[in-house]
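Going by the order they are written in, the chains are A, B, C, D and E; count residues from 1 in each one.
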Amino acid sequence: MFEEASSAAPLDSSSRTLASVKRRRAWKRLRGRLAVLACQFGLLAVLLGLWQYATSKQALNAFLFGSPSEIWGFLVKMQEDGSLVHDAGVTGMETLLGFLLGNVIGTVLGLLLWYSRFVSKVVHPFVVALGSIPVVALAPLVIIWFGTGLASKLAMSTLSVVVVALVIAYKGATGVDDDQINLMRTLGAAKRQVFTKLVIPASLRDIFAGLKLTVGFALIGAILGEFMSSADGLGHAIFKAGSLYIIPKVFAGVVVTIVLALFLSFLVGRLERFLMPWHKFD
Amino acid sequence: MFEEASSAAPLDSSSRTLASVKRRRAWKRLRGRLAVLACQFGLLAVLLGLWQYATSKQALNAFLFGSPSEIWGFLVKMQEDGSLVHDAGVTGMETLLGFLLGNVIGTVLGLLLWYSRFVSKVVHPFVVALGSIPVVALAPLVIIWFGTGLASKLAMSTLSVVVVALVIAYKGATGVDDDQINLMRTLGAAKRQVFTKLVIPASLRDIFAGLKLTVGFALIGAILGEFMSSADGLGHAIFKAGSLYIIPKVFAGVVVTIVLALFLSFLVGRLERFLMPWHKFD
Amino acid sequence: MPESETPYSATGTPGKSGAPLTARNIGKTYGDDDDASPVIGDISFSLKAGEIVSLVGPSGCGKTTLLNLMSGLVRPTRGDVLWHGKPLTDVPKGIGYMLQKDMLMSWRTALANVTLGLELTGMPRAEREKKAHAMLYKVGLGPFHDYYPTALSGGMRQRVALARTLVTGPDVILLDEPFAALDFQTKVVLESDMAKLVRSDGRSVLLITHDVEEAVSLSDRVIVLTHRPSRIKAIHDIRLQGDRSDMMAMRDAPGFAALVRKIWSELDVRMAET
Amino acid sequence: MPESETPYSATGTPGKSGAPLTARNIGKTYGDDDDASPVIGDISFSLKAGEIVSLVGPSGCGKTTLLNLMSGLVRPTRGDVLWHGKPLTDVPKGIGYMLQKDMLMSWRTALANVTLGLELTGMPRAEREKKAHAMLYKVGLGPFHDYYPTALSGGMRQRVALARTLVTGPDVILLDEPFAALDFQTKVVLESDMAKLVRSDGRSVLLITHDVEEAVSLSDRVIVLTHRPSRIKAIHDIRLQGDRSDMMAMRDAPGFAALVRKIWSELDVRMAET
Amino acid sequence: APPQPIEFVEAVHNLGYIDLYVGQHAKIFEKHGLTLHLTAAGGDTQAFAAVLGKTAQFAVGDPTMVEMSRERGGPGMVVGTLVQRAHYFGVSKTVAAPITNPKGFKGLTFVTSPDPNTNYSVTKKLMQDNGLKLGTDAKIIEVNPGTEIGAMLAGRADVAVAYQPNVAAAIAQGAKVVFDFSSYMGPFCNTGVMVLPEYAKAHPDVVQALVDALEESARLTYAKPDYAKQVARTEFPDVPGDVVDRAIDMELQYKIPAQTIPVDQKQWANLMSMQKYLGNVQASIAFGDVIDNQYADKAAKMAAAGGGTAVAAK
């Protein structure tokens, strides 16, 4: 009932050597991981199967909705003509840069706001404002300011990330226990030291939650940037296919986008484990 | 140096009646709030002033960038012809519904995932995938599925909110202290009770962080929905003005959007204070 | 590990009915990698109905771990914990466990923290609040019922936790240093109250304490544990004359001082080599 | 509030040099609305160099609050705390304060928690780790230096917190129930170590404890507080014969038992009406 | 009979569709028994998607959508045209003299809507037809529809390939028309009235009424340019009045809005040849299979007989 909370795995009472316990646990972990993977693939297979079946039976018009086999066909084609790797590379680079830039700016500002309740109160409505601007609406300005090259996609990607990163980092920073701040004070910590030695590590969990969340935003931002103006990239490919009403190709582009997102979020997960060794993961 | 952490305001040592202390503190709070407001308006005034000055001195081209006075002119005009209230009402309603729907679905699912590590692991990549789909790219499909009426804006708004709400609620739920779960177990709590009595209240802080964050997303989602197809609403007005290259009107629409966001986020703040009386705010 | 290695075997036959809670050769090792650290070596004992048993032992020897095992919160690496003769798999109904950390819920007032256990049983609001009020009053916190935990002192928090544990009326009560943050007087009053409650109703208490005088004056038995990996070093049956629920009188009973000295000497200090 | 209301006036002239820390008619009230609750009534006393002073008082009377005021963490509602004669506005350098909750950082190992204070002074890594290792060894946790706090027992956490406070070598040490979670032996060893350290270097300790025997055996003065709003009920200068840093010997010193009884009687129990 | 409500989607709110707005303001649709509910989509695809998804009965936008749909087995049909020429103009602030031959594009940077919008396609085709290598001899930047003149005025491109009223707005900002795509391209079925065949089959009278109304409106637009300007000013209240007037003048001068609703073979052929060249369609469907001119022909005949301009424009 509470398997995940009890710290020891249930074992029967016969005494066993440690080595065998270790082996069993490693095997259990592996089995657990395989079960998860199996379920994921199963789920995916069922979804795709239903979709394919529905379109092949004309229950869904394949023209309107595409079908997995057509999507696969486009993926193969995109792979063969090299556009898949090229477009994914372009968009991936824009995303990565926007992700890094947005998170660095947002997190740093969000954490820094911890320094002053007053400034954070003053700034609060401006942050809400920034977070609610439909940047797509400002496409004309984005193009004028940032041009039609990498800069405009970077700007879009960064903008999509920065507010989330800021708000989450700020929430993490202000969530630090007052008593722990008091402890730092009794140790003679300057405010700057409270910040570096307490606020930053204590906010890491929140910051990583923000990082995981913003992977998708950075990607969407980059793609929106490509919608505004572009010569290549996944957004360009998707938008073009969409305008020509080639739905399976739209989906093929979306599939590549998702794979990109999964890859980036995998990287963030690795980073988290590396930076927070004291934290329990499973 | 640490003003915000010490729980008592510094007072000189002369003894005073409680009433006078109370009066002083109320006055101090009020003064603090006024100072914040003053700074906010000051900041805004400086920004707008600079902008106006730059356009009037031709440093910025008013046609390309608009100017505060022109924006104000459009706002007045929109107010006079009634479109401001109408459009803001339409978009506000779409946003509110999408906000509620997205947060209810997302938060409920996110919290429910606490029930099973296994299911949450299986579902994780699907959530990442959902969070990285550039829905704008699927505009044709959105219209086919949800039409050109309220439903499509609702879908967009909900979709923009749901993943964030889910991820944040799940993070909140899994962040609950194991020892507190153990305590509940010693009191004979069924898993469902651990959920309702512990996991939900303990996640409230995170859930509200999510709510605050998603106000902007719901709004952006509704506006994107209006970009795809619409007869009225702020997104319609902005998009139309944008395609006619009437930049000040675009900004006027964005201003109304921001005011709407501030209003909604104010409501969320009230709700938070109401639902979390034990929490320190300031 | 063969039973013969245990220096003291348990009082009472493990698993015999009448003993609600029994440890049968339990052991616990943390970590399953190369740095496995055994915390509980091999421990067997029973807690009988109507009995108060104290566990004393050096800091970090595994007392809290032992209580976690006895409560069913954590599964032993070796051996079984028996609840009325059957192996435990989860926390059973009828057990009340006060953890070492108070774990009050910050979003509940003192009163609401105390009612928590009753709430879980579905008791109506009015009834559970009446009970909780009475219990809060007993631990001396009547006027503080509407305080949130952040506005309570350390000792007050501990008393709220105690009230939360007792208010549900569990048959077997496990207490992890319940009086550690209390002044002598408050402690003595609470000890006496609890002794009365337990002995009159045939409940059982298993209690961790660092205060040997407390252990001796309160308990029927004192179990002394060794350093980790902990085993039972000695078991003392306390047979003092006088009113066993008057803690002050107990301290003056003949033989009290000698017993305390004896137990002190058994808890020999081996600092810096723990 | 006029000074005459204080039942006992402070030992030593407040603010006189030689007394690093002095409370001058301090009072503290929580809450500024209609439900204002006075916690500290009116307290004055000094802590002199080389002196160990204990504070005893009923649970919830305001001891922790008093220590917070003395440390400069919290400002008094009335009166002043003087640090070497000057009013305190923030935590001064040279003070070490061990809070009632251990407040270990979960992302730091035991060792890294102990080095924290030294790190803040900019001491090089090797040096501070050497010092911290030595201090951890002293509190009996040498082998556990690389444990994260979640893998430590309650008493071990408390000892890490103590080590963290002492390792920076503060002149004035404020301790909030530093030994509450420790077994008797470990406690006595640590008390003795601390007494030696303090008396030989002319440092001062202000200590909260619930253990009157501890207070008497360890301190030069014991301050007994009333219920809240707390005032000073009695001050006892402890003048026992024998080695003042041998805690076990102190307990057998003539007059020890009488003093302990006296203080116990002063801490009268007024449960359920607090 | 009570008026028949219909859902009508336009690709964008666009001066090129002035015929439609004139019809609305002159209550011509009501006269033909229709109540029009007009929704703007975010583009051609979305407009056609609304018809495919059956949330709208009619859409106006790029009729290539219908050809693409039909070629892939989807539904769709064009029952008329609303814009009969490529309504793009090259406007520039930096190019001094008007360009008469696309060879003159050499060395210039153009800004258009993204591929496959027609202004992109047309520009690209003209360059390649005239031996210019895209990217080296001349450049195209693709930006969000409507933002072309901004990019040009901000100096990010030499020539914006824009439509009205942006062209007029750019002129008001000191730019000049340097290339006239509409004349160069000739007849071009830029915008079609699209409908699902199943709907037309079930409601031929509604289709007929709509096409009748559009035909009448088109004639009215050309007959009463001042009325058209008045309509345009109310439809685009935020655009300066003089800009609107100039835009309408240009529209009519270059004969961009449909003068009559039937789709001309030549218009369609031009569109198809370009889309085929771009690889977007095969142009494999016979004209008569995509275009159903029967309603429009009937409407034109009736209007020509004098029914058309009967509505008095005040």
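We take it that a residue touches a chain if its C-beta (ideal position, glycine included) is under 8 Å from a C-beta of that chain, and two chains touch if they have at least 3 such contacts.
Owing to the predicted nature of the structure, the values given are computational and were not obtained by experimental measurement.
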{"item": "Maximum centroid distance from chain C, chain identifier (CA atoms)", "value": "E"}
{"item": "Of A-D and B-E, pair with higher C-beta contact tally", "value": "B-E"}
{"item": "Where chain D and chain E are represented by their mean Cα positions, the distance between them in whole Å", "value": "85"}
{"item": "Interchain centroid distance [CA atoms averaged], chain A/chain B, Å", "value": "20"}
{"item": "Rounded Å distance, chain B centre to chain D centre (Cα mean)", "value": "47"}
{"item": "Per-residue overlap in chain E, given as positions that touch at least 2 other chains", "value": "43, 45, 48-49, 52-53, 144, 146-147, 150, 154"}
{"item": "Junction residues of chain A, two or more chains touched", "value": "1-2, 7, 64, 139-141, 144, 182, 185, 227, 239, 242, 245"}
{"item": "Residues of chain C engaged with two or more neighbouring chains", "value": "30, 73, 90, 101"}
{"item": "Contact footprint of chain D on chain A as seen in their complex", "value": "177, 179-180, 182-190, 193, 197-198, 201-202, 204, 276, 278-279"}
{"item": "Interface residues, chain A side, partner chain B - complex", "value": "1-5, 7, 32, 35-36, 39-40, 43, 64-65, 117-118, 121-122, 125-126, 128-129, 131-134, 136-141, 144, 163-164, 167-168, 171, 175, 178, 181-182, 185, 191, 205, 209, 212-213, 215-217, 219-220, 223-224, 227, 235, 238-239, 242, 245, 247, 250, 253-254, 257-258, 260-262, 265, 282"}
{"item": "Footprint of chain B on chain E - complex, ascending", "value": "7, 9, 12-14, 37-43, 45-46, 48-50, 52-53, 55-56, 144-147, 149-150, 153-154, 165-166, 169, 173, 236-239"}
{"item": "Complex interface listing, chain B residues touching chain E", "value": "61, 63-64, 74, 77, 81, 139-141, 143-145, 147-149, 227-231, 236, 239-247, 249"}
{"item": "In the complex, chain C residues that touch chain B", "value": "68, 71, 73, 90-91, 93, 95-97, 99, 101, 103, 105-108, 116-117, 119-121, 148, 150, 164-165, 168"}
